[in-house]
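Same chain, two partners: chain A is paired with chain B first, then with chain C.
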Partner chain A sequence: MIAHSVKRRRHADLNSFSARTQAVFHLVLGLFSLLCVIPFIFVVIISFTSEESIRQIGYSFVPQSFSVQAYEYVFDLGDALWRSYFNSFYITILGTVLSVIICVLYAYPLFRKDFKYRNFFNYMSFITMIFGGGLVPTFVICKSVLGLSDNYAALIVPLLFNPFNIIVMRTFFQTSVPMELIEAATIDGSGEYSTLVRIVVPIVKPGIATVALLNALAFWNEWFLSLLYLNKNMDIMPLQYLLMRMQRNADFLAKNSSIIGVDAALAARELPSQSLKMALVVFIVLPIACAYPFFQRYVVAGLTVGSVKG
Partner chain B sequence: MKKFLALFLALSMMLGCVALASADELPVITIMFHGSNVTDDSAVLEKVNEYIADKVGAKLEVIWGTWGDFDQKAADALMSADETVDMVFTCSWSANEYNTYAKNGYFVKLDDLIAEHGAELVAAIPASLMQAATIEGAEGMGIYAVNGYKDFATQNCWDVNVTLLNELGYTLDQVKEMSFYDFGELFAKAKEVKGDSFYPFLVEPMVLERMVTNSIIVAGDAGSTNLLSLYMNPADVSADGAYGNVLLNKFATPEYKAFVEKMHEYYEAGYVNPALAVAETSNDTRTNTQLKAEYLIGTQSYALGYEYTASAERGIEVAFIPCTDPYVDTTASQGAMVAINSASNYPVESFKFLALLNSDPYLMTLLNYGVEGIHYTKNADGLIEFTEKRADYTPWTNGMGNVTILPDTAAEGAGFRKSFVEYYGGAKAIPSLGFVFDNTSVANEMAALGNVAAQYALALDAGAVDPATELPAFLAALDAAGMQTYLDAANAQLEAYLAK
Partner chain C sequence: MKAAPRHASMGLSRRKKNLWLLTMVAPGAIWLLLLRYLPMFGVVIAFKKYRAFKPNTFWNNIVKSEWVGLDNFAFLKSPDTAVMIRNTLLYNITWILLGLFIAVAFAIMMSELRNRFAAKAYQTMMFFPYFLSWVVASYFVLAFLDPTSGMIPAIQKSMGLKATNFYHDVTWWPLILTICNRWKYTGYASVLYLAAITGIDSTQYEAAAVDGATKWQQIWHVTLPNIRTMIIILLIMDVGKIFNADFGLFYNVPQNSGSLYPVTQVIDTYVYRAYANTHNMGMSSAAGLLQSVVGCLCIIGTNAIVRKIDPDSTLF
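This part shows the complex of A and B:
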């Protein structure tokens, strides 16, 4: 009895730290978390800073004066803003759903050892991670051959298939779905599709959440595809590109003002202010920041859930 | 349920993909412009297409490139031989640089088309601009783009805040007598009156350098930070400068040394805002400070009539004192052109359109200023007044072609375009007009030198660093990066060009 309790205490000791170590850990992790949120807090503060203050003392955590002018301007953008906001959501949601479906359907056979052409398809996806076609050939294929220009598909299709995610998904299958389970399902008379949808997918939900998060981030942050493939139909422009375009305009005019002369000075005046850019960043970050905790629940759950107990 | 959802999503995507085939028989020609701010062109294009249907025999579509995305879009379209883009803006300073792209065969040679369909175009564009567009391209010497008649002469000016100047007890005439090296007295006075946080000297450092040393940009030189200088004669821009027609390392001349030393003195005295010496903040700071009129003397590359615009928007009296007469150099005379993509299926229709655009006031006004009654109205004097709708349709006026056929706006005043033609038409050409440095043989050196210059030049030009220590270090770094090879290649080409 005594021996047992001693053993238990030692066991408890092994899993706990001294108060001092705890304090150090808390401090280090606390500082780290702070470092993660500070840039965002800074952006929020700048977005509420008055232009006058930015001109006088630059970016600062304690501006001379606050203003909501940038947000007023953002709301005045009206249609353009809400449309691009809608586009961003549309592209992200549709793109994520489709890319996750593709990812699961591609990764599942790669995990099944009884699939004959497993190595071939494995290689096919893996090789695209190492060798790319280059920008111009990719552009030609997408635009001329596949007709991806000035439509939503141009902003979704190029990102649908991601070999890295497929490897993540395949590994997840391998570690969490035992072959015995699939064999058992087959013996019970389940077809391949039914096995995948009813047995396997529920087990790998955390993996799917991970891949979905990666995909959602990729779609949400994407602006380069819009730059490449949107020429005439600017109505389907996502929010990221709206912001990126302002940034690129400012950069270009700054770099070339001495050559373009007065026209550049006149154009530069039309550009949005610093605080407006930050206000747009807030608009861009908010939805994805809200989505994170939701996905995180699944990701954390994935660490503790398994299909074969005991 | 899930299946239905997936099916629905897939279907909705396919609907997005399907481009409805147009039943129209006319071919569609597409033009890509630079620097536009256009969100709604439907009303304009409807009118344009009505007008050009018979005259050109095609329908027009426009890709409104913006300042930031044009370079990427144009390069992609040309390099991928995109047949859906028929005409592309090009010039001496964009990524699809006219001389290089013409040499590499991306543009259609226009000489035959001009002979056949271009009588009106030739009449509308001055011969000197046609000459400036005549270069050695993929199919031999010829014209590879329609050169726009825009503000193609360069004139660098001191931008003087006359209101403040008078407040300080000086007159404009006094300043006209002064040079850069005499401004110290004015700045000291301004500082005394306006307080310590006032920076009287508001400059674009790179432009200032050219103004003070009377040097000009050499077409084909490293992009944002020029390395080469051709010194011109400030008294007569069409005569040879002090060094003759020789290209020099602009940082190694005594003129440059004297300039940066004086500039450092001004900077140390607190006459120059430190933000101007940092590439990221330089332009923003300049624009903002200008608008607030918180400066005494600035630099400005002039455009005709800008003093009125500037005075109005800054709420002060602005005067521009020119450093030299307006001059025409290669960079500015190839400042805005439109070329036909060699992959285009409709080069003839495209050319007819360009010829019409540059010679027909109705079409140019329509495409540039919008539709009368929607984007602008005419006031009692027949001058153009823009409406609110203009905000949705603001192309880059000078990037479109022959702007001399545009009507005068109320903001510019009656007779503006007439004086525009007099001012720019009368500008003299520098002796080496037309010379373009082909940097392909020294591309590696140019990249290395560009990096070195980006590190030092701006800070030196703005006076932020001490030239006694930084200038020798800069010159040594340039030498190590192959400045001499670069110079020799450039000078050999210039000699060969002038010999022709």
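This part shows the complex of A and C:
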């Protein structure tokens, strides 16, 4: 009897780590988690720091004084900022809608075992994951053959299709849509498109949400396409690229202030101030930070599915 | 039954069905043809001295430009090339190994936490950086390193020390880039492994416990073997991308600072800069082509090796 209970107790110990080990786990994971969010919190603090405090003690978690000056500046900046904020939203919404439609339409026949050219189109998409023409040929063809230059299309079209998302979507079809359902619909005389829209799409809503979120994030965070394709028409520049250029311009002034003279340094001080730049970063991260707790679940699901099956 | 009379026209309806399905894949297929397959033919630029002719259209220029053989690959002999290849490979190898270790360790720790709420909170916080762009991250880094007001130089000054000019001093960049890389991707990678670990049948642990295996032994003999396939798949994908660098990280985070090139120049930034600064299409195409070919060979190679060792874990 005694031996039995001793064995039971030991058994319980074998099922989870000791309290001390658990504490170490909490410490390691907790510290790293903090490290992940602290830079953003720091930037928020800087955006509310007065210019005076920045000049005195630099960026600090505990500034001498706070100020909303940066945000007042942001509103003074007016057109340029709101225009690029609008551009970011416009590109993200339009791009997401189009890319989700293309993704669902491409992935659905790949899931249909009775589709004759299934393998062909599967490989057509997969091959591009392991081989590509490289940056420059792609860029030149997009620009001079397809006319993707200084227009919204240049910031949307190159991201419309993603083989990884096709795999994610196809897996969602495979795991949640039974073939019998489609066969039954076909026997009932339902056309291919109406089967897809009326029967299949409602079932794979979580998959569509996942792909939509992955796409929306890709469009929202996009700056490389602007770097490549925007040369003259800066009216369509998204917020990410505005932020990137702002850094470069301020740096340019800082680097050359000794050559141009003190006046330029003074002028540089009048230009977008330090806290203003950080306020813009807050503006760009805020939509993500707000939506994040809601979409995290879907994105995790999608990424897990895609990487395991991919 | 409705289906019976249709039986006769099965062949026709099948052809019709395939046609309808073809119209569905059409938008994606056209996109792939124009934006992925057409550029693959564009790689002939790598073997030509591309320049403008009349009429100045892309195809006309390509056809009329003269062949130069492997002249565009002459950049391989320059010392810059050795540096960028070394950087790309060293960073990637370090990050693959470090990333694997950290992600697996974190996933195991998270799965073993008894406080599920805390585990969820850690996961949420760690995943956050994955959703931010490198442009945003570059401002985060700037907040700490900016030469005039960044936190670290400011602290150095307040202590009477000489402030480090981070954007002109190569010393710290291998470490900074490594931290940035792990900061952004650890949450993602550990969530992938966590999903695999949660999927393990709990009876395996119970059986091990009955046999007297300690928790550490269970991790070694139950958890790790169960996620082996996943580790191998993710490794294949990483090794396949070993010649590709994270352009945004290497371009934005060091602020495109020229004095940092010795430790921040990688193949991707080299190709971009070669084109952006000199418009040397032949040479940048050649570098890009080489990168694609070697990367492709790497994937096929690792996949073949894995097929020999463990056929169930192959990618294709």
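Basically, the second predicted complex is superposed on the first by the 224 of 310 C-alpha atoms of A that agree within 3 Å, B and C clash if a C-alpha of one lies under 4 Å from a C-alpha of the other, contacts with A are read in each partner's own complex, and residues count from 1 in each chain.
Just so it is clear, a contact is a pair of C-beta atoms (placed from the backbone, for glycine too) under 8 Å apart; a residue touches a chain by one contact, two chains touch by 3 or more.
None of the values given here were measured: they were computed from a predicted structure.
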Which superposed partner A:P63 touches (first chain B, second chain C, both, neither): neither
First (chain B), second (chain C), both or neither touched by A:G132: second
Contacts of A:Q247 with chain B and chain C, given as first, second, both or neither: both
Which of chain B and chain C A:P238 touches, first, second, both or neither: neither
First, second, both or neither for A:L34, with chain B first and chain C second: second
Touched partner set for A:L94, first chain B, second chain C, both or neither: first
Comparing the two partners chain B and chain C, which touches a greater set of residues in chain A: C
Chain B versus chain C as contact partner of A:N151, first or second or both or neither: first
Partner chain in contact with A:G207 - chain B first, chain C second, else both or neither: neither
Partner chain in contact with A:Q296 - chain B first, chain C second, else both or neither: second
Chain A positions touched by chain B in one structure and by chain C in the second: 55, 101, 135-136, 139-140, 144, 244, 247-248, 251, 254, 274
Of all residues in chain A, those that touch chain B in their complex: 55, 80, 94, 97-98, 101, 135-136, 139-140, 143-144, 147-153, 156, 227-228, 231-232, 234, 244-263, 265-270, 274
In the complex with chain C, residue positions of chain A that touch it: 11, 14-17, 21-22, 25-26, 28-30, 32-37, 39-40, 42-43, 46, 54-55, 57-61, 101-103, 105-106, 108-110, 112, 114-117, 121, 124-126, 128, 130-142, 144-146, 157-158, 160-161, 166, 186-189, 191-193, 196, 217, 221-224, 240-241, 243-244, 247-248, 251, 254, 274, 277-278, 281, 284-285, 288-289, 292-293, 296, 299-300, 303-304, 307-308, 310
Interfacial residue positions of chain C with respect to chain A in the complex: 2-3, 17-18, 20-22, 24-25, 27-29, 31-32, 34-43, 45, 57-59, 106, 109-110, 112-115, 118-119, 121-122, 124-129, 131-133, 135-144, 146, 148-151, 153-155, 157-158, 183, 186-188, 191-192, 195-196, 205, 208-210, 212-215, 218, 230, 233-234, 237, 240, 247-248, 252, 255-256, 268, 271-272, 275, 281, 284-285, 287-289, 291-293, 295-296, 299-300, 315-316
In the complex, chain B residues that touch chain A: 6, 9-10, 12-13, 16-17, 19, 32, 35, 37, 39, 61-64, 66-69, 71-73, 76, 79-85, 93, 151, 154, 204, 206-207, 217, 224, 279-280, 282-285, 287-288, 290-292, 300-303, 306, 309, 313, 331, 396-398
